[in-house]
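Listed next: structures, encoded as C-alpha cells.
Presented sequentially are two complexes of subunit A, the first with subunit B as partner and the second with subunit C.
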Partner chain A sequence: MRISVLGIYAILYLIFLYAPIVLLPIFAFNDATIIAFPLTGFTTGWFAELATNTALHGAVRNSLFIALMSAVIATGLGTMAARAGATGEFPFKRGIIGFIMLPLVLPEIIIAVALLVILVQILGMNLSNWTVIGAHVLICTPFSIAILNGAFQNLDPSMEEAALDLGETRLSAFRLVTLPLVMPGIISSLLISFTISLDEFIIAFFLTGSNPTMPVYIWGLLRFPASLPVIMALGTILVTLSIILLTIAEYFRRRGNARAGIKDTGGFL
Partner chain B sequence: MAWGSNLDSDARRGLMLVSPPLVYAVLLLALPLAAIVLFSFWSQDFVTVNTTFTLNNYQRIWNEPIYGLLLQRSLFVSGAVTLVTVVLAFPVAYYISFHVDPKRKSLWLFLITIPFWTSYLIRVFLWKVILGYNGVINSGLLSAGVIDEPLTFILYNINAVIITLAHAFAPFAVLPIFVALEKIDRSLLEASQDLGEGKVMTFFRVTLPQAMPGVAAALVIVSIPTVGDYVTPELMGGAGGKLIANMIQTQFLQLNNAPLGAAIALVAMAAVVTAILVIYAQGKLLIAVYSELNGTRPVFDIFILCVTMLFLQVLVAAALLRTLGGTLGSGVAFFVGLVLYSIAILLLLKNRRR
Partner chain C sequence: MTALIHLTGVQKYYGDYHALRGIDLEIRKGEFFSLLGPSGCGKTTLLRTIAGFETVSSGTLMIDGKDMKGVPANLRPTNMVFQSYAIFPHLSVGENVGFGLRKYPMTKDEKARAVGEALEMVGLGGYGARAAHALSGGQRQRVALARALILKPKVLLLDEPLSALDKKMREQMQVELIKLQRQVGITFILVTHDQEEALVMSDRIAVMFEGEIGQLADPETLYRRPNSRRVAEFIGKMNFLPGEVTKLGERITVEVPGLGTSEIGKEQAPGGAKLGRSLIGVRPETLAIQFEGEATDRRVADATVDEVVYYGDMTYYDVRIAGIEKPLTISMKNLIGRPVLDVGTRTRVIWDERSLVVLAR
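Moving on to the complex of A and B:
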C-alpha cells in the first residue's frame, strides 16, 4: 500500500483521538495515587477497591436502569418517527421530523434548565430517576431516528403490501415482515441510546434526584485526588464495555444494511 | 379531525405514527422551552418566584460587564473550537472518502466515532493528565530535553478548553463532511481534469464547493453544543477560562436564581444563533461575489479578492467579539455595522449587473 501524506495525517489524527483513552488502562494499573508520569509499579488494587464501593454500586444500578428505560422508550419513539418518515407524505412532515430531531443540535444545558424549570419550579415535582429518563429519551430519540432512517428507507414497500394482499392485518404484516427486516437497526439503536444515556452528565447533573447516576457520582469523585486512580479503573471498565457494545451495534447495523441489500456507506449519523 | 378526511390513508397513517414522538417532544421540549422564556421575565424573591412581569434579568445581563465578557469568551471558544475541529477534520474526511478502499470506509468511520462514545467526564479529565504540569506532554518534552521547565500555557486557561472541546467534537465534524464528499459525482472530477484544470484547481472549484453543505452542517453541529458545555471549562479552564454555561449552571444550582439563569440561557442561545446566521450570510455574500465575478477576470484575481473579503469579515467579527466584552450594547452596534457592510456589498453587486 502506498502511504501518502494524507494517510499519515489521518493516522496522526486517530492517535490524537485515542490519546486520552490509551492513558486510562496505564494509570488504572499503576500503583501510585498521583495520576502522573513516571509510572511506579503494577497493581490491580484499584479494581479491587471498585468491587467494595457500595455508593458506586448504587450509582451504577441507577445508571443501568435509566439507560435501559431510556433506550427502550427512545427506540420505540424513534421507530415510529422513522417509519412515519419512510411512509408517504403527510402535512408538515419536514417540520415535525425536524422538531423531533432538534435536541441533536440544542445545547444540552438548555434542555436541562428548561426541564428543571418546568418540572420543579412550575409543576412542583420531585427529581428522580424518571426525570433523568424523560430528558435522556428526548436526546436519544434523534439518534435512534438517524439510525433507523437507513433501515426503513431502504425497505421495499412491496414486501409489506404482499403480506397485506395475502390477508395479514397491518399490525401483523409489520410484525411478521417489516420488523424482522429492521430488527438489526432496532438493536443498534437500543445499544447506541443505552451508551448515550449511560454516559450523559450535563443533563443528569441538573435532573438527578437523591440517588446520583454514575457520571454524577464520578463528577463528585473528581474533586478528591485520592479517588482518581479508582476513577481510572472504573473508566477502563467503562471504555471496554462501550467498545464491546458499539462493536455489537455496528455489527447489527451492517447486517441490517446487508439484509436490505444496500451498499454500506459507513456511519449512521 | 375535520380535515383528516381530505388526507389519503397513507398520510393519515404517517401522522398517526409520528404523533407519539411528536407529543413527547411537545411535552418535554416545546413546553419547557416556552416555560423558560416565561420564567426569564419573572424574578426570584429568596425562596419563592415572583411572577410579576419584569425586564430586570435582561437589564442586568445588558448592563453588567461580566455577562458580556462571558458571552464574548464563549462565542470565541465556540468559534475557535469549530474552526479547529473543521479544519482538522476536513483532510481526514477527504482521505476516507477519496483514498480509502470502499470496503474499509466503515471501519475508519467506526474507529473515529469510538472515542466519542466513551465516558465524557473521564475523557476531559484525561486531557488534564496529558496537558498538566506533570503531564504526558510536559514530562515527555522534559525528558527529551526540548524544554527546561514544564509548559504552563496549556492547562487551566482557554487553550486547554479549546483543545479538549476540539477533541470531544471531532467526529461531529468528520461525519457530515464525509457524507457530503461521498455524494460528489466522481465523474465531475474527471471532467474537470479533462477540461484542463489541475488537481489543486479541481479541488477548489469542484470538490470544495460541493463539500460546503457538509462543512456548514459541521459548523452548526459543533458550534451550538460547545456553548452549552460547562464540564470542560470547569475542569480545564481554571479561573480565567469559565464560560457562559458555567454562569447558567451557577445561577440554577448554587445561587438559586432560576429566572436570571433562564434569561442568560436564552441570551446565550440567541447570541450563538445570531453568530451562525451572520457567518452563514457572510458566506452567502462571498459566494455571491465569487459567482458574479466568475469568468469576468482571471481566476486568480477573483480568488485574491475573495480571500481579502474573507479577511475583512474575520476582522469585523473579531472586533465584534472584542466590543461585546464591554457591554452587550456595543456588540449589538457592531452587529448592525456588519449588516450595513453586507448590504453595501450587495448593492455594489447590483450596480455592476446594470
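Moving on to the complex of A and C:
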C-alpha cells in the first residue's frame, strides 16, 4: 500500500493530539514513582492511593457540585437566550446575541482577574464555591447557547402554534411540545457545560475559596514529584469520564437531529 | 345562510408594511371558502388573523357573534391545519390526534374512541399507535386534519394544505377534502395560491392582491366574469383586447377592432363599464377554429394560425386576426376527425358576444 504525504501528515497529527493522553493510563498503571521509560511493572496501587486521599475527595466533591450547578444554571440561561434568538423579535437582536456569545473568545485569565477584582475589591464578597459557579456560568452559557441555538432554529415555529391552536396556553405549549423537541439539545448542553466546568482551572484557581476544586488541587500536588503517578491515575479517570460524557452529549445531539428530520452535518465526534 | 365570520375594515401593519388594507368580508356557516392570491398578497396573514396568531391593527373580527379582540388562539372556536402540518414528532399518531382533548372532561375510553373515530374519518383507522415521524406527506396531512377536526371547531382553517403533496396526491386530497367538508358541515377556510385548487374546492373564493380583496364570488362567476385584468390573469388564461365602450344602458355596446361592434349584457361588465377606451377579455375556450365542413350561425373572423401547441387532449392555437395587434389564444378539443392545423394555415375563428368581458381599468 502506498502511503501518501497527506496520510503521513494525518498520522503524525493524530499522534501529536493523543500521545500525551495515551501516556496517562500507561504511567497510571506503572509501578514506579518516576515518570520515565522503561516501564518497571504493573500496579493498581496509585488508584488505591486515590481512594484513601480525603483531601482529594473533598476537592472532587467541590468540583462535582460546582460543575452540576454551573451546568444547570448555564443551560437554563442558554435555553432562554437561544429561544429568544430563534423566535423572538426585539431591537438590536443580533448585537445582543453576539454580545452574550463573547465570553467564548475572551481569554479566561482576563475573565478571572476581572472577576477577582470585582468580587473581592469592589463587592467585598468572600470567595467560595458560589463565586466559582458564577464565573463558570459565565463561560458555559455561550456554549449552551451555541448548542441550543441549533435546536431552536431547527424547530418548526408552527409546532408551538399548533399546540396553542389546540387549546394549550403559551406555557403549556412550551412544556408539552417545544421542550420535548429541544430536550436532546438541553441534555447535550448540560453535559458539555458540566465537562467544561469540571476541568476548568484558571478561573477556579483565582476564585476558589478555602476549598480547592479538583483541577486546583491537582495543580497543588505537582509540587511533590512523588504524587505524580497518583495524578496520572486521576487523569486517567477524568479522561475516561470526559469521553463518556461527550459521547452521550453527541448521541443526544444526533438523536435530536434525527427526530427533527435533519441530515447530520458535522458535530464534534 | 347566516354569516359565521364578520370582518369589518380589518387592517394589519408589520412596522411600515401594510399587509392587510381594509378587509370587509362575511364568511357563511358551513361553506367552503377560499382565500386565493399570489404570494405576499396577505391571504396567510388574514387566515392567521382569524386563527388568533396575528393581532388586528384596526377593524373588527367577529366569529359566531363574538368580538375576537384580545381572545388568544387557544380560546377561539377555530382550528388550523398548518402548511408544514406541524405534526408533533415526539408523539404517536393517536397522541397527536388526541392532543386537543387533553383538557376535555372525558374518560380515557371516551377519548380513545374519539381518536379512533377521527382517524377513521380521514382514512387512517388503525394508525393510532404508529410513530408520527414515520408517516408520509399525505398521511401527515390526514393526521393534521383529524387533530383539528376532533375538537369540532366552528371553523377549520387550512393554510396551503396541499402544496407539499405531489400532483396525483393533491388531486386525490382535493376530492377527499370536499367530501369531508360536506360530511362534517364545518366552515372551511382554505388559503391557496393554486387557482385550479380554489375553483375545484370552493363554494366561494376571495381573490386577494396586495392586502385587498380583488373579487369575491363563486368559482363560476369568478372564472367567467372576472372584474379586473389582475383577477382574469390570475385565474386561468385570458385574451386581452383593447376596445371601446360606445353606449351604456340596459345593454352595453362595445367596439373591438378586428371583431366589430357587439351588444353585451350588463353582467358582462362585473367591474362596471365606462364610456371610452376599455379592456375586453375573452377566454380561449369560448373561441373556436372553424374546421372545414363545420357550419356555424355565430359570428366569424378571418384568421391565420401563428403558433400551435399540442397537449394531447387539447390543442392551443395562437391566431392572428386583422386589426388585432396581439395573437389570440384559442383552445380546441381534439375531437375525432379534427386535424391539427399547421402554422400559417388560413382559417376562420368563431366567436360569440356572450364570451366578451369588459374589465375595469
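Annotations for the structure displayed:
By our rule, the second predicted complex is superposed on the first by the 257 of 269 C-alpha atoms of A that agree within 3 Å, B and C clash if a C-alpha of one lies under 4 Å from a C-alpha of the other, contacts with A are read in each partner's own complex, and residues count from 1 in each chain.
Keep in mind that, in the parts below, a residue touches a chain if its C-beta (ideal position, glycine included) is under 8 Å from a C-beta of that chain, and two chains touch if they have at least 3 such contacts.
Please read all numbers here as calculations on a predicted model, not as lab measurements.
When both complexes are overlaid on chain A, the residue A:69 reaches neither subunit B nor subunit C. Of the two partner chains placed by the overlay, only subunit C lies in contact with A:156; subunit B stays clear of it. In the superposition on chain A, A:177 contacts subunit C only, with no contact to subunit B.
Look at A:146: by the touch rule set out above, it reaches neither subunit B nor subunit C.
Applying the stated contact rule after C-alpha superposition, one finds that A:187 touches neither subunit B nor subunit C. In the superposed model, A:164 makes contact with subunit C only, not with subunit B. Taking subunit B and subunit C in turn and counting the residues of subunit A each one touches, the greater count comes from B.
Subunit A residues in contact with subunit B (one complex) as well as with subunit C (other complex) do not exist. Only residues 7-8, 10-15, 17-18, 20-22, 24-25, 28-33, 35-36, 39, 49, 88-89, 91-92, 94-96, 99, 105-106, 108-115, 117-123, 125-127, 129-130, 132, 134-136, 139-140, 167, 170-172, 175-176, 178-179, 182, 220-221, 224-225, 227-231, 235, 245, 248-249, 252-253, 258, 261-262, 265, 268-269, 272 of subunit B touch subunit A when the two sit together in their complex. Of all the residues in subunit C, the ones that touch subunit A in their complex are 51-53, 72-74, 78-80, 82-86, 88-90, 99-100, 102-103, 133, 147-148, 151. Partner subunit C is touched in their complex by these residues of subunit A: 156, 158-159, 161-169, 177, 180-181, 259-261.
Residues 4, 6-7, 9-10, 13-14, 16-21, 23-24, 27, 34-38, 76-78, 80-81, 83-85, 87-91, 93, 96-97, 99-100, 102-111, 113-119, 121-122, 134-135, 137-138, 141, 195-196, 199, 201-202, 205-206, 215, 218-219, 222, 228, 231-232, 234-235, 238-239, 242-243, 246, 250, 254, 264-267, 269 of subunit A touch subunit B in their complex.
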